[in-house]
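After this come two complexes, each holding subunit A, first together with subunit B and then together with subunit C.
And now, the complex of A and B:
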């Protein structure tokens, strides 16, 4: 094989003037090749451009990016440019991606099997990361399968290929996006990439991750024989129609070719389905104001994590859906949590805690985090404030253990007030209220 | 137990067909060996591209033509399982016969109704010795023939670029002129990676990547290979 750079070859970093030695080829893309390399004893990644892509514009864009710090450590951000004497093209240095981060393509091919909790965490991290990027006035331009990676066990994400990032609305960036992910107005040629079109691509990526299907590939796609550029322009550009559009079922999923969409759609709670519906109805017709923003996705992903329940029979993850539950209760059918998607047997609900607007399932492995008891706190799953525990001697009694440094006060349904010091637990009983300081929660069954 | 229900992302088949000239002139200056090497070199790249593509099921076949034409790999083969047995050169250039064989396979059935655009790669070093026009007509009579991405590689200066241009059928897209083994390797790699990718899940679109008149955006070559006679080592 002929690669641009060879193992052992040395290039020079432009800002720090250090030697960068190529270790091995990692992969090739449309614009260049990525190598593992070593700079000052530290393992890094080195992207080197093909001559056709090593333009003056790209270099200028990279110089701007390298001068900024990364929006967050989730971005494998260009740290500095690299060049070699006598070679016209150039590259840049960025952090290496750890092997535990896998591509979304691996999930689409079912080579990795994340839990719903890991998936919701990945959705949250993606939304949060792109919010941080956009908040800096930057635009990613090419959110797609190839550019985001995640740890299937934890849901932590990494965002790669940041060299196409430009200042929002600046039109000179070369990349227009990846088909199937590009906003319809870009496909039609009416717009160039911007933070608004990034929002559309993010919605497509999330839909793919949660439904294992594309939001616009319904009957109309199934009816197309040759899926070529003119067909794609129609499907994704001039006549886009959401497969679950509540007002128009002309593009509903095809029962033979598009099973995943139907299977997954029915599993998720209504609040997630509603946000996807907004993304691909208003988000199609009103690019400026109708798109789902990152903060909306973030909120819904956190709520989705909190809604996970386990099947008492087969242990599969299912979702609590307050909206559906309320409907069954009000229609006199009692508290019907539905059936497990996996074993089809009836689901029963665990105790729950309602804190302000959120409701958290108190499964055997549940944790409460700072954001649950304080709206001002960021989403941080590293430091739980509480965890569900079992009573040491009475195994049928479950409690909520205080992992924080503050004493809580709990009020039982009978009105008894008790202190719950750090390290102590309060029994999960119907009607018990727990004051966490800034917020109060109530246990429900 | 599966953590989540459902199956893999739905794919469409993408048929990729090599059409290789094995006429006697391909034996001169090791051209046929260079072609064998170039294709064998390209297979791992092709496998990587297919592996990274969630939208396509890439299926590869090959036809050889000299005095007559014959399927070299007759079954649509998953690219992960594709193996290349070396071709040998002998006989004349019955390109029309090869095109007719391809046309038969592009009919529905055996082709499925739903697919991605097929990719046909015609590689030749000389003048057709049979009625290539009727073979090409047969290909173009098939809807999948008209929709196919047709790429041609001319090996050496004696290749009939006019015929190859007619096969391509788009004046914006020229036959690739491979005048030395290096450029042949490069072009074979390009069709089996960049073009393959573009036919299924087009890579990031750039301002200059579109090809007018094509139903699949043909990516630009990573670098323009020299086609000057000075590089001619055949």
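And now, the complex of A and C:
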């Protein structure tokens, strides 16, 4: 295939005036091509626009973006424009995406199979990243799974294609989004992209990641032979209906072609399903007040991480669902954790710790992080404060090891008080309470 | 299937499919299929070319029909999809990547279901005396959800519009681009799951996920020739490099003698190739930019190169000498 720029070709960065040498073609999109390149010995990415997309408006938008810093390192933000003598068009420089980050499309196609923990972490990072973008008064305009990448092992995300970002409400950009990810009011022509419409697209992206399916593509989509504009307008704009709308099953998933959605939906705990239901019921009908905010998603994603349990038989990740558990207890059926979604055998719950409003499953590989013991701390999964450990000789005894610099105080169910110095562990026993300093947790079974 | 050619203002499609030498010996039909749209006169883009290679295995005993249904359905679904795209290129690209594979699978499954309804699996097809031929198919195929396996096939599609070229591929086979300068490249990434005789298939669960899709904007240097082939043709070559050379050789032959002459020779090349090489059914479709033949003066390849040399050493370009 022939590309706009050739390996070895040089272009010039417009602000710093440095030489940028093209290394290789990385990929092409609807607006231009992206290359690996080198500027001042540093590997970067260079996006070069096709003539039809290299407009004066796009250049002006890029100049604004390049003049501001990225909302966070998660954004592959334009750092400066680049042009070349003899080549009429222009491009821009941005950080290079490491190979460990994979497209969400790769997950849809099962080329990568991340754990639920990685997926929940990715959801958290996406919500947090877009919160940071919106907090700056910016609007992404085009959230879809084509422009979000994540590390399938850790869930760390990167957001690319930031050249369509505009100042919120200054909606003059050329890009109105991808039809299936657009808010209904944009599809109908009633609104232009804004932070509020970004929230809808974010919900679609998250739903897609967790259910491997689009939230509005049920029976009605399965019946469409040709997805033309009138069909899309109806499906995503004028008559959008959530595939799991509790009050209307007219667009429920098709049993033959859309099985995935139903299978995944049943795996997740009620609190996640409820938030998706809100996003695609109230969020459809009331754009101003019904949308799920980034902070709501963030909280739910953290809770989802904390709810993961492992099947004792096949080791598959499952979710602890406190709501379902409470329902079984109150109905007199005892504490029933349900069956593994994978091998169908009964699940048993690990010890848990309840700290303020959160409940964390103390699996063999569990960690507590700063946000668990201090509401004001940010999510930082690189700095665990505690980890579950096994007693070196008594293999049935498990403990929680203090990885922090503070001494905890623990009170057993029988009222015995102990200090747990950094590096020491406290036995996981029913009723033991641990004071972490700013919060207290209680071990339950 | 339309053999022959079709002319548009800017691009032309030609192609042929031949029964494999081993299939001739065994008395089995050609389980490849080729189809393109528009099928008759007219000059409107988009052009869509589809090829399919029915598995032909014991379990896929209706794959000749499966391949035919695949190319007919795919050409129609892709053409209809392209005709209604008025969004930006970025939006069209995403719809092509995200929605179209599912629509293709669904379209094929529905066509298969309709065929099955009209032609239920006969006792003869499921009868124990045929069990050796159909291996363990009997038990599996009595379950209607598994009857798709009887029609199992690959699918390759290329579609040309004024502003972009779209490629979709499920399973083995080859799609090549040849630039105006004769440089040959593959628009789609390799699929690591395709090795030996393993292939992804329209009848696999979640088949839409296995599609490889490339959306190529027609920018400064669109390809002069697009070549689609089922694996019976490339498998007749000694190695991958030998087959890649076919791309530039065919472009050179087109420039030297015109597309009509090449078209007249394709079936002969394929026949010779399957006899001396893979023994498998072989199908080749070409989408050629009309400017390609006008650059005759720059053609540097000999006609003998045109279809390369197969792995048994037989030249397959003999007929091309006439071009």
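Keep this in mind: the second predicted complex is superposed on the first by the 444 of 445 C-alpha atoms of A that agree within 3 Å, B and C clash if a C-alpha of one lies under 4 Å from a C-alpha of the other, contacts with A are read in each partner's own complex, and residues count from 1 in each chain.
Rule of thumb we're sticking to: a residue touches a chain if its C-beta (ideal position, glycine included) is under 8 Å from a C-beta of that chain, and two chains touch if they have at least 3 such contacts.
The structure displayed is predicted, hence computed values, not measured ones.
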item: Three-chain arrangement built on subunit A, subunit B and subunit C clash or fit; value: clash
item: Touched partner set for A:179, first subunit B, second subunit C, both or neither; value: both
item: Which superposed partner A:416 touches (first subunit B, second subunit C, both, neither); value: neither
item: Subunit B versus subunit C as contact partner of A:227, first or second or both or neither; value: both
item: Touched partner set for A:376, first subunit B, second subunit C, both or neither; value: neither
item: Touched partner set for A:51, first subunit B, second subunit C, both or neither; value: both
item: Subunit B versus subunit C as contact partner of A:109, first or second or both or neither; value: both
item: Subunit B versus subunit C, judged by how many residues of subunit A each one touches; value: B
item: First (subunit B), second (subunit C), both or neither touched by A:317; value: first
item: Contact residues of subunit A, present in both the subunit B and the subunit C interface; value: 1-2, 28-31, 50-51, 105, 108-110, 142, 144-146, 174-175, 177-180, 222, 225-229, 257, 260
item: Complex contacts: residues of subunit C adjacent to subunit A; value: 77, 80-81, 84, 86-95, 97-99, 102-103, 106-107, 109, 177, 179, 183, 185, 187, 206, 209-210, 215-217, 219-223
item: In the complex with subunit B, residue positions of subunit A that touch it; value: 1-2, 27-31, 50-52, 103, 105, 108-110, 113-116, 119, 142, 144-146, 164, 174-180, 182, 208, 212-213, 217, 222, 224-230, 257-260, 263-264, 267, 314-317, 341-342
item: In the complex, subunit A residues that touch subunit C; value: 1-2, 4, 28-31, 50-51, 105, 108-110, 142, 144-146, 174-175, 177-180, 222, 225-229, 257, 260
item: Of all residues in subunit B, those that touch subunit A in their complex; value: 1-10, 12, 41, 44-45, 48, 52-55, 113-117, 143-144, 147, 185-186, 193-194, 201-208, 214-217, 219-223
